[in-house]
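Following are the structures in question.
Consider the two complexes below, in which subunit A is the common component and subunit B and subunit C are the respective partners.
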Partner chain A sequence: MALIYMNMTLAFTVSLLGLLMYRSHLMSSLLCLEGMMLSLFVTMAITILNSHLILASMIPIIMLVFAACEAALGLSLLVMVSNTYGVDHVQNLNLLQC
Partner chain B sequence: MNLFTSSMLLTLLILMMPVMMSNLNIYTKSSYPNYVKTMVSYAFMTSLIPTIIFIQSGQDMVISNWHWMTIQTMKLTLSFKLDYFSMIFMPVALFVTWSIMEFSLWYMHSDPNINRFFKYLLMFLITMMILVTANNLFQLFIGWEGVGIMSFMLIGWWFGRADANTAALQAILYNRIGDVGLLMAMAWFLFNLNTWELQQIFSLNPTNTNLPLAGLLLAATGKSAQFGLHPWLPSAMEGPTPVSALLHSSTMVVAGIFLLIRFYPLTENNKTIQTMMLCLGAITTLFTAICALTQNDIKKIVAFSTSSQLGLMMVTVGINQPHLAFLHICTHAFFKAMLFMCSGSIIHSLGDEQDIRKMGGLYKTLPFTTTALITGSLALTGTPFLTGFYSKDLIIESINTSYTNAWALMLTLIATSLTAVYSTRIIYFALMGQPRFPTLILINENNPLLMNPIKRLLMGSIFAGFLISNNITPMTVPQMTMPTHLKMTAIMITLLGFTVALELSLATQNLKFKSPSNSTKFSTLLGYFPTTMHRLQPFLNLLASQKVASMILDLTWLENILPKSISAFQMSTSTMISTQKGQIKLYFLSFLITLALTLLTLKYI
Partner chain C sequence: MTYIVFILSTMFVVGFLGFSSKPSPIYGGVGLIISGGVGCGIVMNFDGSFLGLMVFLIYLGGMMVVFGYTTAMATELYPEVWISNKAVLGGLMVGLVMELVLVFYVLGEVYGDVVTEFSDLGDWVVYDMEDYGFVNSEAVGVSSLYSYGAWLIVVTGWSLFVGVVVIMEITRGG
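What follows is the complex of A and B.
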């Protein structure tokens, strides 16, 4: 397997760690989400270009669209939390009361 | 022979003339009612000719005029059956109608729409004649529906009164339920015998006739107010007294019994239907006699009396004596119409007072009406050698000596004695004692328009039984010999009824009035039948449908099944499961730990 795959897998794992373990701000979680998206995009594009699978060329673009949607969704959630508390500290996010 | 056919058709034509004339100028004149009455009297006299020819020669006749259409193999024509039943009923009905029309010239004198009233009465009479002379079921159905419609329009004559409209609608609804039975019988005859003509039905003599005869029994229950479909008859007293006298005592309500009598060749072979008719008639006659005991409206007492006599006719058909029932129809018409006309005379003279508790002392002030009322009541109870005796006593004797169930016999005998009781009640309250009406009433019965019809029907009430039963051709053999105690049953229980009623009335007339007991309430409220059937059933239906619409549809199905149940379920389970705080950071951490453990331990993913 080429080295790039291992690189991207590592990047994905690091971003996943960053998504699930964050200290105080929700915003950092969202940024890591973008990082995951980026690594997946590169992996997909390299695979498709390497194996000359032209028909699958639309998949990265569709993935970009979906990532944009989920980023918008995450940002709207951030805005809602911010509306309630003023800052986005994660200790405020409680299932018992949002 | 020629005179039979032509005078019969002439009678029907004479009856139709005033209805056809109603489009012309004569309808607007005030001489129209007198014209109608005169035409009916001419029709009566013309109809005597075929009757006398029939009595003398004993020949039936069928007039089949006009071929209307043929539906595949069934031929529909306009045919009149002039046999025993129609030939004797026609003069009786025309005589009674003539008297009633003359009476209503006096009774409805101040009504501005008297021309329309007479036209309606005449249209009713024409449809009744169609019903009686019909040879096929289709023509009979036309007459059947026609009398139903005219009954509706005449009961609701004073349509400004809400009670009258309700009563007219009630009559139509109850009759409609009976019509379903008639339609079922017609359909059965159509499918199985391929005909609606009576001759073909009787000559084919089908064996399994339970279904059509049950349909005809239902039709008779609806039209003749047997128990179960009976409340419309007392309510029909909302109409004017001539309407009550004509429709709801002599002619329309006997149409159901007449239908069953017409089909006697089929009923005499079917024991099941005979038993059903017997039991239904026995229940009807006793129940309505009980209800008549505590009514306070004179017209309602007479209406329940009619209903009781109709039950007696049904009992007679049930013991396989259709000709006796027919004789009772003819004799009953005379004295019942006269009873209604006497009630009308009393009501009008007292200033439209119908409550017998406010009458009294009319024995001296209305002597002629008193005579007629007492004679009519005696004829009704079957006093020997008056009119009612010739039919009613024969019926009681037949039922005593026939192989029938003792329960129906007992009910009929009790109802016969109750007939005497409520007749005594009318006489006692309306005629005897001191007057209980206001003193500023002008009591006047000197109008010949009032007295002549009552006089004619009085002569009929006394002599008609004798004349009819001695002149008709005997179709069955009456029971000639029986033990003395059976022969004297009718007269004994009638005398018992009279005596008990008179004793009770005289003994209790000065006692304090107590609040009614349960049996009195049962009788006054007509056996709770209207209360449960008219009020309870629709209320339960409406309540059930309201519950279905609001609770089941709106609350449960649209709101609670998916949306609220899912949210309630999730909330309840999450509060049940989570024992910790809801911090999301910890949940992310646990997700990560799970993922790492999976990757480390399971290498074969």
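What follows is the complex of A and C.
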């Protein structure tokens, strides 16, 4: 296995841990989600380019489209939270008290 | 120069640590932009010129700009830098130590046994078997999105449209 896959897996795992362990801002978790998408894009692109799978070159672009959809949805939720509370602190998301 | 991809991927991971340690989001966006630029360099080292420029144009130029001004809207008066909070600095240092330990371990293995183990532990060097002439084969593959991937275009276009409608419903409020 090539060395670059180790670093790509590490980057994905670091972003995943950053997404799961949030601090105060909801925006930081959305940025970690974007980081996961970026590491997946680079991994997919180098696998496809190195194996000369020419027709599969469109798959990273499709993945970028769906990542953009997901980012836009996350940002719209953040905008609504920010409209209600002024900042996007996750401690404000406390309506569910069980 | 054979290991330029490995060096770039190490910088990629360090950039990821920069925003995963979660300083204030505006500095996290800076780390993601740096990682995006380095990721473009990694993809370009494998002859992926179109996909690399796609990262810059669509990902950084489209999505990160939106993240940037949303962060500007929902941010605080005194944003935290990486050194202003012990939790952020501790996370960054732990990640950096982990990355350096792994890099030196791997490089130790490679340089210890270069002649016999190079094909297992070395980095990739792209081996071109066919002669594609004057056309970049990867650009041909991406442009086949409009011929072989017509149904993919329909599905992604429809899902983007539905996404826009969903976002308008969410932000209607009330």
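Just so we're on the same page, the second predicted complex is superposed on the first by the 95 of 98 C-alpha atoms of A that agree within 3 Å, B and C clash if a C-alpha of one lies under 4 Å from a C-alpha of the other, contacts with A are read in each partner's own complex, and residues count from 1 in each chain.
Definition applied: contacts are C-beta pairs under 8 Å (C-beta built on N, C-alpha and C of every residue); 3 or more make two chains touch, one makes a residue touch a chain.
Note that the structure is predicted; figures quoted are calculated from it, not measured.
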Greater residue coverage of subunit A in the superposed arrangement, subunit B or subunit C: C
Could you look at A:Leu33 and tell me whether it touches subunit B, subunit C, both or neither (first, second, both, neither)? neither
Thinking of the overlay built on chain A, is A:Ala2 touched by subunit B (first), by subunit C (second), by both, or by neither? second
Is A:Leu20 touching the first partner subunit B, the second partner subunit C, both, or neither of them? first
Touch check for A:Val90: first (subunit B), second (subunit C), both, or neither? first
Intersection of subunit A residues contacting subunit B with those contacting subunit C? 17, 22
Would you mind writing out the residues of subunit A in touch with subunit B in their complex? 16-17, 19-22, 29, 90-91, 93-97
Parts of subunit C lying in touch with subunit A, wherever the complex brings them together: 5-6, 9-10, 12-13, 16-17, 19-22, 24-25, 28-29, 32, 35-36, 39, 42-43, 46-48, 50-52, 54-55, 58-59, 62-64, 66-67, 70-71, 73-76, 87, 95, 98-99, 102, 106, 110, 121-124, 126, 129-130, 137-138, 140-142, 144-145, 148-149, 152, 156, 159-160, 163, 166-167, 170-171, 173
Give the list of subunit B residues in touch with subunit A in this complex. 574, 578, 581-585, 588-589, 591-592, 595
Note: in the complex, subunit A contacts subunit C through residues 2-4, 6-8, 10-11, 14-15, 17-18, 22-23, 25, 27-28, 30-32, 34-35, 38-39, 41-42, 45-46, 49-50, 52-58, 60-62, 64-69, 71-73, 75-80, 82-83, 87-88
